[in-house]
């Protein structure tokens, strides 16, 4: 390329950058301490995580932390795949089963324990055996119901089999809420989900008449709040959050018959543009300060052992030490998810 | 004086000497220039089409030959595994069948409902004709997402219809009209009807009131006039409307997604799920290729049928 | 008797056709956030909420910009193609015409997936350029069809007359052809704009986490929330389309072109 | 008025469209003198419009030359040929006013604005439309549009004026008025004009010379009277005017275009004919219906021909099988002995009408018969 072209290109590039900066809301990109781009869930998660963690991180380190929202983990994987040659993202917060796929495709980087000292505080269940990113949030499956139209709140998942027809919203697989429900159902009837899932599927098929929708649109929290559906299975963190938002119309249950954890991991991206800021951010995200703040903000359970939650928060989030936890091997599940989805379609939804 | 040349005995062989559009610049010396002009006119369009249409379809075909590896990883290879997975699985045959049934049902319902309206609009001499036509086509100007939302409000368990029925005591529990195939189909019929109305109005050009009056004056009953004159003359319009709705219905996604309640398994929703939820791009691509083939076959059949009608 | 039945049937079909729009209209003035038609005093709160919904405002901005650019781009590349098809003789003309019409018969889910596969590796997802390219593909058939229609109904001898009178190809196009087919061009551009503005499926595929058009924003909103705000937005959109159509109709006689 | 020097000359002009076997225009030659108005007359599909479009430059000839003022125009693009053309649809530019339409060609010639304005004014005055200069074409009647088209073609002072069925979109009355007007303007300006029509009356009325085209070739090129009285072929005889054909059984040339012709119906006559006929095969006598006289058989007076008594000539018996009254002329169809039917146009006379079934006698002057050859 000849010399004269460079200023032209430079001008073009700066116009482009200007344009993106304006569109993106104008963050000062080149602050002295650099920046870090975090890919995570959109909507409520984005708002609360930014408020509880990103802002504090910026204040503490001077590094600009940008939250890049995605609709779900699959979309995040799509984005990571597409820019694998030239990543723009430094850190991703995604579901552990999808993270396993990303690891298999070489999209994520191993963490150096020396640079991320807080990793060792992560509880056993949240550790990655191969040295990739650990769990950053725990969440668990719960039941929500409309407190105005439901007089007898359910206490356990098995109560859902007793509710009126056409009143439940269940996000079916491939949504992991459906997957988790399958595991809990297997556990309930004493079957090993890794050996034979058919009994659980048969049991779930009996639930079909009760179910209004297998694909809640809008999501379960909205459906239950406005009484379109009276019951739904949902994630605890959002349930607690929307329970407050709805002024108590939405009620969340701590199910007696088992707790299924959903795990979001935090990972560094292979060949990311800001590797140091990335490790710094990951370490901060695993600090007691960040974990406590986000738990208080949105009721995601902390993944580290050295936290002290205020009592009113603690009683609304599950603890990884809870004895009724039904352990789910999400890495194993990554391969089984398609198969289970098929079983649901054929025998649960169709049946 | 006298003839320059005598006539030849080839009766009626001369082609029509009018109505052939001339190239913009004829003239012997300008042939190559004409070719350049032609290229200049076509190339920007071809580039646009290449980027926006041809490359994507090719990329999708290529992707359909890749494999979905363990833990959901994408494996670059050349294999027909995804096609095998689809075609050897009765579930996907069911999906293809559902798609066709829904497309057919929507097209049939839309045509049945559009036909009287289109006939009315073509025949009416009301001074409101313009407004009436505009009203019939107006839904086209309203986002399909918004109209789907409207249908949820009408057909939902607590929607308008169920509220009225419950209040009147006609039913005790709400009728299930949303979150299933029924609701999606009803909404889709309404959403796609303006297309068939438009197709019919413009396809009814051959319909001339004088013909129907002539048939009537020759002693044909109203029913006979309809079956012998009106129907045959409007058949091309009906066919175009049917095809249009069918094609749009089997590729519809937003409405079945928002109103299907997870119970409606059609190619469009499966493709979206595989592409954005399960991230099984090879499978999604294979499904898309299959949808494309189903489409192509249907359009081929359609053209055959139209040809037969035109000849018959 | 038969006439009354016929009238009733026509009215019923109209009702069915316009039902969702009517319902949306009434819901948008609801004061509660229930979807049902409640007997509550009307309220404009959902319209007020629209003004502070950043997602919708940004979506509308993206949709407006991309739809405008799409309409212009499609005119610029579609009109020459129509001109070539209508006024030149060449081999494979039928094939070329069919090729340009073919995006019309490819399901948008299929095209959306294909575009996603092409755009992701080159980073075009969620960008203005990506949306414009995608929408160019699906709107080009409409522009070519309306332009071709005006070109074939226009009297070719006008162009010939101009040439006999001494105008070259370019002058003939500029002074004669273009003014004559202008209403058709505008109709095509308006159609392209409306289709691009309303298009949801392809945009959904290629939106990613970047620029999001209004229909995608609405679709996503509906996945998390269903309150009358979306109804208010729909009413605003309907009003805008009606205004556009009225203005174009007044200025150009759109109906003539659409009916022609 | 026709000068010997050819202004337009077509030499072996041929047009064969791709994917067709026989040519649309089959190597025709044609000379048009300065200031002449020549009509190309023929049924649709005969190649007349194709010929005109080749002259205009709107079509490329497959072979041959188009020579104007001694220069071959083939290869010259249409916009550089300097012709004036009036189209069947008039092809007025709908988005321009009458004045803008007429001024378009002058603008293309980059004339000063003032001159354009004056010449437009002049041209519009010539066609009596100066008061409508600011109207749009859509607001004009058919006749007015026609005049605008004519003014637009003539204002550029074209080397050739080409008229493509210019009157076919007008109603019958207006058409006749426009014929005269066009002819007068053309004569006044002296513009060499090529004129395509399928209407024989128009061609006979307006043209200095008529080229009858048939299946891509020129069947006869001659002044109107000659076309009518001395048709070169059976086609010309039937296409221009009505004609009775009486098949010849024996033809003996007498030189100078005169023949002794024998026929079953008429016996032997001496008549004029197309030069070069050698055999009786397919040769026929052409007799125009209005040149035949007819009387009721047994009536004492001689048959009437054109209202006059004819002293001699052949007399044929027959019986009236059809009779149509059209005001000044009664058209009769008469069965004659050889099984043929003869058409007769008789000027109507008060109190005398032949009816169907009447036995009649037909007579004519042999000078009114003309022998045509096989084709």
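First chain written, first letter: the chains are A, B, C and D, and each begins at residue 1.
In this section, contacts are C-beta pairs under 8 Å (C-beta built on N, C-alpha and C of every residue); 3 or more make two chains touch, one makes a residue touch a chain.
Treat the numbers as computed from the prediction; the structure is a model and nothing was measured.
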Both-way neighbours, i.e. chains that touch chain B and touch chain A: C
Chain pair with more C-beta contacts, A-C versus B-C: B-C
Whole-Å gap separating chain A and chain D, where each centre is the average of the chain's CA atoms: 90
Rounded Å distance between chain B and chain C, as computed from the means of their C-alpha atoms: 16
Inter-centroid spacing, chain C versus chain A (mean Cα positions, whole Å): 37
Approximate Å spacing (C-alpha centroids) for the pair chain B, chain D: 54
Contacts with two or more other chains, residues of chain C listed in rising order: 34-35, 160, 168, 222, 226
For chain D, residues contacting two or more additional chains: 57-58, 77-78
In chain B, residues with contacts to at least two other chains: 22, 25, 156, 158, 258, 276
Interfacial residue positions of chain C with respect to chain D in the complex: 155, 157-158, 160-168, 171, 175-176, 179-180
In the complex, chain C residues that touch chain A: 33-35, 120-121, 123, 125, 208-209, 211, 220, 222-226
Touching residues on chain A, where the partner in the complex is chain C: 23, 39, 42-43, 68-71, 75, 78-79, 81-83, 217-219, 222, 226, 228
Chain B-touching residues of chain A, taken from the complex the two chains share: 71-72, 74-75, 77-78, 81, 98, 100-101, 103-105, 165-166, 171-172, 174-175, 212-215, 217, 227-228, 331, 334-335, 337-338, 341-342, 345-346, 349
Sites on chain C touched by chain B in the complex: 6, 9-10, 13-14, 16-21, 23-24, 27, 34-37, 73-74, 76-78, 80-81, 83-84, 86-90, 96, 99-100, 102-103, 105-111, 113-118, 133-134, 136-138, 140, 156, 159-160, 168-169, 172-173, 194, 198, 200-201, 204-205, 214-215, 218-219, 222, 226, 230-231, 233-234, 237-238, 241-242, 245, 255, 259
